[in-house]
Structure formats: structure tokens, C-alpha cells
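Here is the structure we will look at, set down as C-alpha cells.
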Amino acid sequence: MDDSTARFLRFIRDPDSKSARTFEGFVLLLVLYSLLIYSLETLPGLSQQLRSFLSLSESVVGSLFVLEYSLRVTCSRRPLRYIFSFYGVIDLFAVLPLVLGIGTNGTIIRTLRIFRIFRILKLSRYSKSVERFIKAVTVAREDLVIFSLASVLLVFMSSVGIYHFEHNAQPDKFPSILHCMWWSVVTLTTVGYGDAFPITVGGKLFTSLVLACGVGIVAIPAGLLASALTKVREDEQE
Amino acid sequence: MDDSTARFLRFIRDPDSKSARTFEGFVLLLVLYSLLIYSLETLPGLSQQLRSFLSLSESVVGSLFVLEYSLRVTCSRRPLRYIFSFYGVIDLFAVLPLVLGIGTNGTIIRTLRIFRIFRILKLSRYSKSVERFIKAVTVAREDLVIFSLASVLLVFMSSVGIYHFEHNAQPDKFPSILHCMWWSVVTLTTVGYGDAFPITVGGKLFTSLVLACGVGIVAIPAGLLASALTKVREDEQE
Amino acid sequence: MDDSTARFLRFIRDPDSKSARTFEGFVLLLVLYSLLIYSLETLPGLSQQLRSFLSLSESVVGSLFVLEYSLRVTCSRRPLRYIFSFYGVIDLFAVLPLVLGIGTNGTIIRTLRIFRIFRILKLSRYSKSVERFIKAVTVAREDLVIFSLASVLLVFMSSVGIYHFEHNAQPDKFPSILHCMWWSVVTLTTVGYGDAFPITVGGKLFTSLVLACGVGIVAIPAGLLASALTKVREDEQE
Amino acid sequence: MDDSTARFLRFIRDPDSKSARTFEGFVLLLVLYSLLIYSLETLPGLSQQLRSFLSLSESVVGSLFVLEYSLRVTCSRRPLRYIFSFYGVIDLFAVLPLVLGIGTNGTIIRTLRIFRIFRILKLSRYSKSVERFIKAVTVAREDLVIFSLASVLLVFMSSVGIYHFEHNAQPDKFPSILHCMWWSVVTLTTVGYGDAFPITVGGKLFTSLVLACGVGIVAIPAGLLASALTKVREDEQE
């Protein structure tokens, strides 16, 4: 194997080499462009001309993805291992509609290409960050489970409660406990669209009570993860 | 007592044994199924057929709960202690409507079954997490009380303030201080349904001021608990 | 001074004694009752009977506050010092409308009684917590100032921005930069009432950008205070 | 150079001296006044008289800014270095419309004056706080990148998802994936204006799922920064 081939192959095998970074950067741009095309195609009232251009662009990008996939399979030291790896499967999904000849218009599979962005995590410094995240989740595992469980319970309990307070007053907004769960989720995450809210005194008191404990319970897991991540980083530095 | 009986009894007595876990898992599924039935029954426009099926399901699940409760009482080393324990009372509520022959349609008592999910906390690793949570609350007790107190004060003060700014402009949305408290809770928790909001310049300035300090005060308790929990976990590891 | 007088006087002088606690608890209940009366009086459509009862209640509570204030002044070791202390001034406001004979209907001064609830902070364990809070604010002072400053800048900048994007499209919702500030505050605190929101593409992109950095900036001060409080508590324990 | 000139020059050169503080405080007030004028000018229905007054005020403030800029350039030890420094460019923008004779009515350049408020950061204690902030961002760099990336992915994925669930039911609210991104941003930051929300069962379930993970992911970066800042401050004190 001569030197230029060796250098060429390195970008497949060593994600931290300079040429690999350039290549991955180019692939990343293609992925973003491909997702932009997908988004633009859904715009209503596009001119026929623009529509053809988007379709052509998608074909070109798709072909480049097929080329890239072939390259990765043929150049890899262990092709099968690559094909069945996490990134390999993702890469496959990126080319599947084109390869199978389904055509690509409106195929939701194309959106799976977004996962290709995670390739960035193969860079060593980000893979360390991911490890740190996994460690933080492991450390705070039980607490996270407890608070998630408490959140689910809270959502159910507040759904049952609001159903009993508001069902008679607003049967169209709170028709059943399952519908009330939507209200619970929207309220406890403090999104509060305003599509459904209590109007009875009992319902308002109940909601105030639920919010008093609930907002905290739903916000704690994020705080726990942030603290755990900071702790793991500190431990590494020592 | 022969060996098979001993093994059978263990699941009542040792929540960490393998057979107990299987049994508890089955009970957990039954509880979830029972809650699903409860939720589904409130759906409007159910066919008579589905309604009968749900009613039958509830009877079967209820009978299984009665059977389970009898088992737990008879197999327990100290039946009375179990009956009056936290979990015993919860288990009793799960079977009460059926035992008393009230029937179960629409009985809110059935929703108390959700507390049976907390049985999961008897597993040693979660009971440690609960202990940790109690310790964290104990450590941050005074701070939590102060900030809860400040939150209550803030809700009251902003209700009085917004009443004076908005009552004349929107007498239907801010009819009294008690009604304004609902607005305060919805605003300070940042839910913001949009059912009531200030329209006068004074009211908007006042709300901005209240939000500037208020959002922080309401968010701090969750942060305090998350920090305290992380600290308690660290101390344990050392 | 005989023994019973001494015991009687102690509750004025030593806020941690048992008799003082009982007395303060009673005063606290009176304060809450007085605030409840104030809130109830604003309810529309009250019967004449209830209105008379509330008015009478207020007179009784007011008289008790006058009595209490006289007691505190006469029993205090240094009456003048008490009168001009923080709590003394608050206590004075609680009785002012009655003493001056202004009558109490609709007087906003009555709501100042809520500050009497802070008497609870005189209990030694809460006064420690308050000290801790002051220390935490002192430690994080500069950071809090920077982030508050950044929040104010962000509110102004996003008001100017949204004005230029949305003024022409929605002149009634975004009539001037000052009106846009209300939108900025409601958006950056994530309250989102829904009374004003961008509808142009530029306005939506700008809002997304502002939210991407803004939500973090507004949320950080609360996190800083929570972390600083936890740190101060840790230092105390060591 | 006599003593009074030296003292006079010091405020340009040493931002922590007393005279410099007074001067900077005066400039700060002018900046705020200038921004107030800018905001007021956009108010609809101003009287001709007030409009003339605001215009005159702006001219006076502008002239003072020109005077101040000349002073800073002539008194600075190295004029060119000042002119091309961050603060020098900002100061230039503050006088540009006047110097170029464009007039100042409605010129958005005037709003850039707000950056002059950052001069406050030249005070040593705030510049330390800024350094601390930069250090905290550096320490948590990779984690911040990962979570920002995850947030962007989440916004895109939930836009694609909600498009497929809601497009047919509400083609006017969710006309394309690009429009859905606005919904994603408003929902995941928990602003929740209520201008667009899912109404299909699938869309509601999908939104609940997205919120369950999403709210945490969006909230974590703020928590990470708060923790990192506290840690950096601790390290400094040791």
C-alpha cells in the first residue's frame, strides 16, 4: 500500500486525523443541506422550477451518500463490523430509499439522516464528553428513576383530579381522563398553551396545589444531571 | 414448613428476592392495567360492548387484588403490623370498593391504587434513594421553608398589586384579590395560559417587576434540592 | 418584678422561648385572618350580612393589633429602639389606619400587614438561614449583577429587534419599543401569555435566536443562588 | 504636564479611579437617556411639541457623545489602539449617524449605543467576573456544545414529527416543516404562546414524549454554566 492510499484510508479509520475531519465536515454539510431540502419541499406554494431544483439536488446528494457508503464499506478494515455498527446502520438508512429505488419524495426515512450528525461524537474530545454524560446518568440513576416515576404519578393524579373538578364545567375541554393528561403535561412542564385551563374555583385551587409541588419535581432531574456532570468533570481533573 | 412453602412465603417477606420481584412486577402491571381501565371508562362515546369488557376487566382485576390482599395478610409474619403499615393501608384501599360491595363504577377510591406503584420503593436500591431524598430535604429544610414562605408572600403581594392595577380595566378577568391569586400562580410558575394578563401600563410594569424577582424565587427550591441531593450522594461515596 | 410578670415579659424579649412562640403563632394567625378578610372584601356580589361580618371582624382584629402594639411598646426594654426597628415600623403600619381613624375599607396599607409574617424569621434557626442567604448573595454578587445587566440588555435589544420585524405586520400588538418590552419580558421569562407573538418569518427567526441565548441567561441567576446557598451551608458544617 | 491635567487624563486611562467612575457614570446616564429617547420616539400619537423636544434632546446627547469621543481619542496614550479596540468601535457607532450627517431619526445604529453599557465591565471587579464566566464556559465547553447540538437535533426531529402528525389536521397552523420549527422552539423553551398546538391524539402523545426528554435537555446548559461558575469561584477562593 503506497503512501497516498494510506493517507486516503486514514480518514475512514482515524476520526481525529486532519483529512478525516475535512471529509467528515463535508459530509456534515451534505447532511445539513439534505435536511434543508427535505424541509423546503414541504413548503406550500413552491414554483415548479424550485421543486425540480430541490428534486435534482436531492438526487445528487443521495448519489454522493451512496458513493460515500461504498467507500466506507470497501475501505474499512472490517466491512461487516462497520455495516452492523451504530454509525453503519445510520449511514445505511441515509442511502436506503435511493438504493431500493423507492424514490425519495416525502419519505420520512430521509429524516433519519439527522442522526448522521452524531458522527461528530467520534471526535475524541466529544466522545469523552459523552462518556462523562453516561457516567453522570449512571451515578444519578436511582434518583432520576424516582423523579421520573414521581412525574408520571403526578401527571396521572392531576389528570384524575382535574377531570373531577372540570369535567362538568367544560365537558368539551376535559372530556376524559386521557384528555386531561394532555393538560397535565402542558401545565407541569409550564408550557401552558392556553388550549385548556381550569375555570372552576376547585379546579384552580387544585391546579395551584399541583403546580406548587409539581413544577419542582419536574425541574429537579435537569438540575440533578447538571450537578452530576459537573461533579464527574471535577473528579476527572483531580 | 417445607421448602416450597418457604420459597413461596419469601416473596411476601423479602422484597429483594427474585420470586418477590416477579410477583411485584405482576402486581404492578395489574395496577397499571386497572388505572388504564379507569381512564378509558371516562372516554365519551364508548360502545356498549367495550364498556362491558372494561367493567368485566375491572371485576377480574379487583378480585385478583382481593386475593392478593388475603395472601399478604395470611402469609405475613405479623398480619396486624402489615394491615396498619403504609403499604397495607394502600393495599386495603385498592380492594375496599369491591369488599364493601359499593361497586366500582366512577369511584375515585380506585385511583388511590396508583400509590401501589410506590411498592417499587421497597426494593433496597430505591429505598436508599428515598433515604437520600429525605436527608437532602432535612439538610435544606430551613432554606426550603424560607423560599416557600417567600413564594406564598409573593403570590399574595402580586395578587393585591395586580388587583389595584387591573381591576378597573378588566373587572371580568380580575374581579377580586382571590381571583388574582390564580393569575399570580399561573404567572410566577411561568405557565402563562393566557386566560388573564395585564393590559394597563401600570399592570405590565408591575408584572415585569414581579417576574424579575419572582421567577428566581420560585425556581430556587428545585435547584436547592438538586444540589443537596448531589451533595448527600457525594458524602455517601466517600 | 415577680415571677409571672417576668415570664410574661419574656415573650417580648426572647423570641425563642415557648410562650413567645405561642404568642407569635397567635399573632400570625390573626395576620392571616386579617389578610383573608381583606381579600374576601374585594369579592363582587357579597351579601350585606357577610359584608357587615367582615367589617366587624376587621375592627376586632385591628383592635387586637392596637392592643398588641401597645403591649410591645410598654413591655420592651427600650421602647424607642423597638418603635424604629424594622419590625416595629411594620407593626405600626398594621395599626395605623385604625389609630388615625381613617377607617380601613379598601386601604392598601392593610396589606402591609403581610410583612408581619416575616416575624417568623426572628426564630433563631430561620435567622441563620437568612444570614446564609445574605452570605450567598454577597459571594455571588458580581455574577448576579452581570447576569441581571445582561438580562436588561437582552430585554432592550430584543424589544428593538422585534419592533423592527413586527411593527409593520402587527402595528396594534407591537405599536412601540416600549410596548415590545412587555413582549420581551413575557417571552424571556417563558411565561408566554399569547397576547402578542411574532407572525413574520423574520420575527420568528429573531425570537428563536433570542430564546436560544436568552432563556439560559435569565435562568442562570437562580442556579447561581442555589449553588452558592448549598456551598455556604457546606462551609458552615465543616 | 501639570497636576490638574494629569488628574483629568487619569479618568481616560485608569477606569478604577474615582474621577473616571464619576465620568463613566455620567456617560452611562447619557446612554440610558439616549435609549429612552429612541424608545419614546416610536410611541404612536406623540404631540408635535414632545416630538421636537425628543429630537432636540437627541441632538444634544449626540453632540455630547461626539465631544466625549474626541476627548477619548485625543487624551488616549495610543489613539489608534483605542479607536480599533472593542470599546472604541462601540463608541464610534454611538456618534456615527451624527458625524456622517445622516440624521438620527429612526436609525437603528443608535440602538448600538446600548453596548456602551458594557463599559461597566472595565471596572476591575466586574472584569474578574467576566474572566470567571469565560473560564466557566471553557471548562464546560464540550458539554455545552453537546447539549446545544442535542437541542438543535431535538428541534428538527420534533418539527418533522409534528409535521407528520398535525399537517393534515391543521394545514394552516403547521403548513411546512420550517413553520413547525417555530412551534418546536416555542414549545421546548416552554414559552407556549398558544398560537399553534397539536389537536390530534398522535400529535399530543408525540408532544408529551418530546417534552419529557426535551425540557430537561434545554434546561441543562443553564444548570451546567451555573455549576461551573460556582466551581470556578470556589477554586479562586482557595
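Letters A, B, C and D name the chains as they come in the text, with residue numbers starting at 1 for each one.
In the analysis below, a contact is a pair of C-beta atoms (placed from the backbone, for glycine too) under 8 Å apart; a residue touches a chain by one contact, two chains touch by 3 or more.
For clarity, every value in this text was computed on a predicted model and none was experimentally measured.
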Mutual neighbours - chains that touch subunit B and subunit D alike: A, C
Set of chains adjacent to subunit A and to subunit D: B, C
Angle of rotation relating subunit A to subunit B [CA atoms, steps of 5 degrees]: 90
Contact-pair overlap exceeding half with A-D, pair selected from A-C, B-D or A-B: A-B
Interface residue overlap between copies subunit B and subunit C, same or different (over half shared): different
Between subunit C and subunit D, centroid-to-centroid distance (C-alpha), Å: 29
Euclidean distance of C-alpha centroids - subunit A vs subunit C, Å: 41
Sites on subunit C at which at least two other chains make contact: 181, 190-194, 219, 222-223, 226-227
Touching residues (chain side subunit C, partner subunit A) in the complex: 190, 192-194, 223, 226
Subunit D-facing residues of subunit A, complex: 35, 38-40, 42-44, 108, 111, 114, 117, 120-121, 125-126, 128-130, 132-133, 151, 181-182, 185-186, 189-195, 218-219, 221-223, 225-227, 229-230, 233-234
Complex contact set, residues of subunit C against subunit D: 139-140, 142-143, 145-146, 149, 153, 156-157, 159-160, 163-164, 167, 171, 175-178, 181, 187, 190-194, 197, 199, 204, 207-208, 211-212, 215-216, 219-220, 222-224, 226-228, 231
